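Chain IDs A, B, C, D, E, F, G and H follow the sequence of writing; residue 1 opens each chain.
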Amino acid sequence: MFTEKVVKRVVRELRGGKISSNRAFRRLKNLPYETLSAARLDHHRSIRKGFPEAVYAPGKSFEQLEKIVLAMAHAHKCFLITRLEEFQFLRLKESVAGLKFVPEGRLAYYRKSAPFRKRRGTVAVITAGTADIPVAEEASATLELMDIQVKKFFDCGVAGLHRLFDQLRELQSAKAIICIAGMEGALPSVLAGLVDRPIVAVPASTGYGASFEGIAPLLTMLNSCAPGVAVVNIDNGYGAACFVRQMLGKSQ
Amino acid sequence: MFTEKVVKRVVRELRGGKISSNRAFRRLKNLPYETLSAARLDHHRSIRKGFPEAVYAPGKSFEQLEKIVLAMAHAHKCFLITRLEEFQFLRLKESVAGLKFVPEGRLAYYRKSAPFRKRRGTVAVITAGTADIPVAEEASATLELMDIQVKKFFDCGVAGLHRLFDQLRELQSAKAIICIAGMEGALPSVLAGLVDRPIVAVPASTGYGASFEGIAPLLTMLNSCAPGVAVVNIDNGYGAACFVRQMLGKSQ
Amino acid sequence: MFTEKVVKRVVRELRGGKISSNRAFRRLKNLPYETLSAARLDHHRSIRKGFPEAVYAPGKSFEQLEKIVLAMAHAHKCFLITRLEEFQFLRLKESVAGLKFVPEGRLAYYRKSAPFRKRRGTVAVITAGTADIPVAEEASATLELMDIQVKKFFDCGVAGLHRLFDQLRELQSAKAIICIAGMEGALPSVLAGLVDRPIVAVPASTGYGASFEGIAPLLTMLNSCAPGVAVVNIDNGYGAACFVRQMLGKSQ
Amino acid sequence: MFTEKVVKRVVRELRGGKISSNRAFRRLKNLPYETLSAARLDHHRSIRKGFPEAVYAPGKSFEQLEKIVLAMAHAHKCFLITRLEEFQFLRLKESVAGLKFVPEGRLAYYRKSAPFRKRRGTVAVITAGTADIPVAEEASATLELMDIQVKKFFDCGVAGLHRLFDQLRELQSAKAIICIAGMEGALPSVLAGLVDRPIVAVPASTGYGASFEGIAPLLTMLNSCAPGVAVVNIDNGYGAACFVRQMLGKSQ
Amino acid sequence: MFTEKVVKRVVRELRGGKISSNRAFRRLKNLPYETLSAARLDHHRSIRKGFPEAVYAPGKSFEQLEKIVLAMAHAHKCFLITRLEEFQFLRLKESVAGLKFVPEGRLAYYRKSAPFRKRRGTVAVITAGTADIPVAEEASATLELMDIQVKKFFDCGVAGLHRLFDQLRELQSAKAIICIAGMEGALPSVLAGLVDRPIVAVPASTGYGASFEGIAPLLTMLNSCAPGVAVVNIDNGYGAACFVRQMLGKSQ
Amino acid sequence: MFTEKVVKRVVRELRGGKISSNRAFRRLKNLPYETLSAARLDHHRSIRKGFPEAVYAPGKSFEQLEKIVLAMAHAHKCFLITRLEEFQFLRLKESVAGLKFVPEGRLAYYRKSAPFRKRRGTVAVITAGTADIPVAEEASATLELMDIQVKKFFDCGVAGLHRLFDQLRELQSAKAIICIAGMEGALPSVLAGLVDRPIVAVPASTGYGASFEGIAPLLTMLNSCAPGVAVVNIDNGYGAACFVRQMLGKSQ
Amino acid sequence: MFTEKVVKRVVRELRGGKISSNRAFRRLKNLPYETLSAARLDHHRSIRKGFPEAVYAPGKSFEQLEKIVLAMAHAHKCFLITRLEEFQFLRLKESVAGLKFVPEGRLAYYRKSAPFRKRRGTVAVITAGTADIPVAEEASATLELMDIQVKKFFDCGVAGLHRLFDQLRELQSAKAIICIAGMEGALPSVLAGLVDRPIVAVPASTGYGASFEGIAPLLTMLNSCAPGVAVVNIDNGYGAACFVRQMLGKSQ
Amino acid sequence: MFTEKVVKRVVRELRGGKISSNRAFRRLKNLPYETLSAARLDHHRSIRKGFPEAVYAPGKSFEQLEKIVLAMAHAHKCFLITRLEEFQFLRLKESVAGLKFVPEGRLAYYRKSAPFRKRRGTVAVITAGTADIPVAEEASATLELMDIQVKKFFDCGVAGLHRLFDQLRELQSAKAIICIAGMEGALPSVLAGLVDRPIVAVPASTGYGASFEGIAPLLTMLNSCAPGVAVVNIDNGYGAACFVRQMLGKSQ
């Protein structure tokens, strides 16, 4: 993002007569944009390295979706479409060969490159109940597209702590934990008191009444009395996966 | 509350000439009120049996408070004043001999009768943190005024489950559990998965930020995924004690 | 849940040469899990004694539901499925023989064991309006599956107190009262001033406008000025029944 | 509000030469304003008949308050200052002779005219608890300044219905009822099922926790299942009195 | 509600031998209930005089609705069913002859008695926009069933005050004003500054975004700076009509 | 709105005998209304000059919509119908010739007058994401009906600032900027730090979970730390366009 | 913000040997920053032309405040400090000569330059009540520091529309209107129906109960049914002034 | 957390006669607790490695605080007390030698061990405004107590992006970024689009009006359109630091 070297070289070349004034000007005048494009290029680079861009399907017409997905398929080696209905996928697939659907995660992905290359180390994805599974599958599919190995632990809510305790050893050995819970959302707090891995908590909109579409577990997670919990948006499995990817770094 | 016997007797006496029409009328016309007074009498009776009426101090002027407390001391054998500041107590005490202050529970009580008579069985009062103790002490003092034995378990929050597990045997043997928690308020859910006693959950206004003065633990408790939890108002230690008293019944 | 006896016996047997080191180790190393499994076993035991596990149907695909219900039918003698649509039931029934539907309570139940055995004493289930009946039926069906006798009092809202007063004698004789109310939700407060039974209040999402899907009655019930009321989640008839079951204890 | 008579008279007088063109113009050009002033004049007239303008004290500096009150005392025969602290009153009194303080209603009033003239018929002002009394006194003082007779019924909350039932006959004979309740605010609903008088409900900010400074009783009152209840702002005793005054009309 | 006359007559008749002890007992033993039924009977009386009982249709199955409506048609001379869909009405009509539908008010009514008898004086029903009309029609139909004359003023919102000013004379001459507004709901405040009639404000759930299904106009109306406004629940045209009926009294 | 001249002329004419008393009276008595009608006339004038009246379609029956649209087409040269479904448009079009549909903006418009006359200067309409486009198109279509030139910048959210930076020069040269953003709604804040044009921010209901149907971007925009941002209702593209029109003035 | 000219000149001067490579590098290497500083410089320029930077005082220690204000006084010709307590001002004044306090607007300002130069045209600042005046004075003082003439209209709330109507001619002739209202906040809606000037609405936190510290007027203003209203944060007089300044442009 | 080795050794020693049955029993019977204590011990270990336990001061009496802090100083080598007032610190210091106060972070810490040992790599702590600094200092002090190097970037809000751009290179090279913002809280979103480091966002309660004590930035951060952001509670600098510590792992 920093242009010192570029500026120095242009100055040197101009001074040395290697480039014309015009050419110097053309290069220099775009510097701010190149600088900022750097963000974009860097973004591209991180995508190339396993960070898939995502298209959020709801609220887009099929025509918009198709146009965006075609452009993505042209520009990127790997991307995903979140909150996609199966019927939308079936129509999209006709235009975009190679699109795959993950029904349990409500998403489709596109991946031009070689077969998945599993890295060492895993990320644990744990849910309190079975109704939280779609969010967990969204997180898992996203992680796997980023070549991160996932181990799933579903239905380990605090109502039966033994279900959780049986898994502690494996959870403790994960690089990070994505923890999804609806209703009262107490699982991340409890887990954070038992393992010392970073826990990315995802409130789920499962539940009814005073869970208020995910507000109850959101507040629970934000107020976790055990340190080591950070929170993403309600139902945002994709966002949790991206944050974990960021945490693990490029060199993982 | 039901007046059949009274009506029958009046009819019989009137028929038998034992009472005049006027007197019959006077007695019968008040029947609805007597019926309803029955509720009051019954209420008195339950008070007499250990259920203390409570005066909520905030928002009352000292003059109002004093007048009410004097009337209470005249009419009742036992009552308490909740959310009382010490300086208020010190002034009240001058007018009402025999008033006792429980500073850690922010309440005063008045008890004309004989020394406390402990019943068999105990109620457990458990808090997640130390900041929840005033609410717990309000509940405990109320229970004790009702001759119910209390066992306190403070600072057993889910951040360190071992603190909770050490107490499970005793908690399991309690007749009921009053469980106070602020911040994310996950303790009742976790506890309900571990013991099979009825848990009366009290959200505490401790915490900051997204605990929103007790809304976060309130929602957590209402959404408890483990069955066996019912909830009272934020910081309402007195209410939890009364509900438990009701549960245990007169004959406890 | 407590392992003293087990530890003592293993130590004794090992000392006495009755068991090998390996066997001692294998038994002892699992102790923490056995301890925790104890919770599970105890849970099972309580289920066996009348406490049905519940499956919450919304947000589960039919495939998930079917898999869970089959597993439940294999493991448990009695369980129920709440918030089940009739069309879901009709499909489930094909896989799970013996499943019964309670349309007015929007639930299905499975009960392998002998015919219902009514206990002495009853729990009153009372609603303010007719629109609250589905929640009441969910509570009633749950109680009955736990062999607890139910007496229903529907449409006794505070708009016509005489409807309530006619029932007071019977309400007063119940072991506990589950009280469901939507709109302003004042019934539990009023009832708590009239009877001295513990009242488990269930806010209902009936009503419109400023009832905000049950928030209005929820707040009303939490703020009940008459002591003796505790609250469960909006529309949570099942939870109210479980809490009452817990209150009554195993030995009821 | 309608200026027909004025216009007709000016036209007549101008035609008859009784007033000059200039004077006619001056009077007529202000007609739209006079028309609108009519509202003000009419307002004045209603004030004179018992409808006092009110100054809301909070958020005003003493200087602003003093200036406004002096202007009011000059222009009006009767007005009141609501939510006034006693120390503010004591300073104001130095500038404005004849100002009276009603400490229990947290207001001061000014009344140049003859002694109060009680009308036939009364308005009942009823509170659920003692903490609601300041709001009730604000309503009562406002009504009395409007020459409306008040009968107060304090501490009649639904926790002890007999306290309410004892008063029903008198409440039924009132022209209207102002009903103030904090905490769960169920009193207006219950009352509306028992009497057929119009009930103006005032939610009070008394209570704590989930009463949310008056939101709980506000929602309760808006959702009243018994018809015949309308609601004003939290703690707005003055507004309830004004609405009742409007209901009773000028000719009362 | 008061049973003096009944008690006196029974006593007299018993005394005079006109009725047997048994009969006297049977009549008297029900007195508390009769007393309370008095509310019901009085309710009936008021219905007969123009106060229709209402059935709220949403959340009731057709079977429940039909059963209730048949019972109502048997017991009452006049009642209405609010928030009724046309298709529900068409089915109900087959069972209940004489049911009439008011599509613009989304309600049906039943009226056994003679043709409507218009009283002197009218109630104004005014809306801010055209989308508020269904609520206005619900209020109007309810008023008319109570033999109260209605004058409708639709689409007079504050965006074009002249539309309002043209109607002021007629509004001023109404006995009371029901004022319905969605979006920002400013109409009642503005109207209250212009006329001195009591205004029953009904927030409407019309609007979008930050009107939050009627919360915005509800808050606006509760905070009206002009005195003389009281508020009922969002969209509650029926409730506004009942309150006005109560205000006008039986003798209107 | 000011009637001085009219009053003076009537006085003069009456004085000079040019008009009769009766006629003078008739004209003068309506002055308040004429005054207020002036607002209406002025309103009409502004409409005629490019300010289209709008009909908000949701919550209106087709019959109401048709009646209103026919009346509008008769009275106005130009108006629009917002939030219109295509199927509604197709039916409306049969009655109202010349109605045009803008599907991407979910609106129809009617314009009797000559072809659009573009003014100098443009208003920029910028969105953070593609899901915000319908709101942007509503704003754009409204502006164009008011003869204001629009330049659209879609999908410039802060996640990739370079997309925004590429447009800064053009944004800076716009007369005003309408900026639509959902999710976290940070675009207006960021933009306001970069350009010195007035920014009318429109929160969009796009997003999910904790965006709460537009509350999150609404709060973000209201709290913008960069000065120069004002906010309209969630999804209110029409309102943003009208405010901009007002800002630019008639003489633009 | 665009650096073409700078780049071109540096290239030219370097080419022409007028500046050394080093100097060229030093200037060019900062170009991205200069580019971005351009925003800052432009900001400065706009400040110089009347746009004062503001320091928000609350939440800053006196030491922080003093340090910031000294730096500001060194760098800027004009700035202001909002929400400043008088005692803070008195201490600040000791360090920063030339600081002026505007007590009614709760702000201080610093202005090195020549006496105020009033521009043609004015901005109207109007309040609904007297309690809204501090916000109005904050807006007015900010506008005046930007050399924009202000005309104040205080206490023109909709409860007495004539107070508003008297001012319409002057309001209509303003370049823009800043309209502050608490309680129900209806003034901007009403005003927008009467004048065709752009109205920047500021909700005020004045009021009590259901005004919820400004939420009620905020919602009212966002839902204004009359077009031409945009809203800034609660009590944000400074922000309203800045937006208006942006609207009027540099060339005003 | 797993006790295999302990169990094996006890079994071995008992078998080998090295320990008595009694001793074996005593050690084994505590195994579940030791197991769970393991969490505590592990916790201790992590503390020793840089993870300080924290005492939250508000809501604790001085006596409670003193007792807890003395116990902590006895048991731990390092801990901190958050949200501590200076006067509380001054009293605590008398009992607990070696307590240090960090006034800008509103916390005190205790550290028995050797001087701080800086690790390689740093964590960036960045704030949007100066009012957010106390939260940033709480995070920084916590990180430094955990031997993590901190680089602070204060006052880099999005209103002047150049302030942020100047820091990008350094921010990009941090191991993680803690980003604190109040008001609209847009900084984390913008930052996440520019750097590819994990960003732990802390909403600050700075701001006023519609920032609602931190709700606005909380929602903004949860809805961040740029991936790579996770959120902790409002003002929770300590929690952000702990989460980052967890992320970096023990081996950092």
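Simple rule for what comes next: a residue touches a chain if its C-beta (ideal position, glycine included) is under 8 Å from a C-beta of that chain, and two chains touch if they have at least 3 such contacts.
Bear in mind the structure is a predicted one, so any value in this text is a computation, not a measurement.
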Partner chains that chain E and chain F have in common: D, G
Mutual neighbours - chains that touch chain B and chain F alike: A, D, E, H
Chain separated most widely from chain B, comparing mean CA positions: F
Chain pair with the higher count of C-beta pairs in contact (F-G, F-H): F-H
Rotation angle (°) superposing Cα atoms of chain G on chain H, nearest 5: 90
Chain pair among E-F, F-H or F-G whose interface repeats that of A-F, sharing over half of the contact pairs by residue number: E-F
Per Cα centroids, the chain farthest from chain A: D
Geometric centre distance via CA averages, chain H-chain C, whole Å: 40
Between chain C and chain D, centroid-to-centroid distance (C-alpha), Å: 50
Chain B and chain G: spacing of chain centres that average the CA atoms, whole Å: 55
For chain A paired with chain H, centre-to-centre distance based on mean C-alpha positions, whole Å: 25
Of all residues in chain H, the ones touching two or more other chains: 32, 36, 39, 43, 160-161, 193-194, 209-211, 218, 222-224, 227, 233-234
Chains that touch, pairwise: A-B, A-C, A-F, A-G, A-H, B-C, B-D, B-E, B-H, C-D, C-E, C-H, D-E, D-F, D-G, E-F, E-G, F-G, F-H, G-H
Of all residues in chain G, those that touch chain E in their complex: 128-129, 157-161, 183-186, 189-190, 192-194, 207, 209-212, 215-217, 219-227
Sites on chain F touched by chain G in the complex: 1-2, 39, 42-43, 46, 54, 168-169, 172, 176, 193-194, 196-200, 218, 222-224, 227-234, 238-240, 242-243, 246-247, 250
Complex interface listing, chain C residues touching chain H: 3-4, 7-8, 10-12, 14-15, 21, 24-25, 28-29, 31-32, 35
Interfacial residue positions of chain C with respect to chain E in the complex: 130-131, 133, 160-162, 165-166, 206, 208-211
In the complex, chain C residues that touch chain A: 32-33, 36-37, 39-40, 43, 56, 58-60, 64, 68, 83, 203, 205, 213-214, 218, 233-236
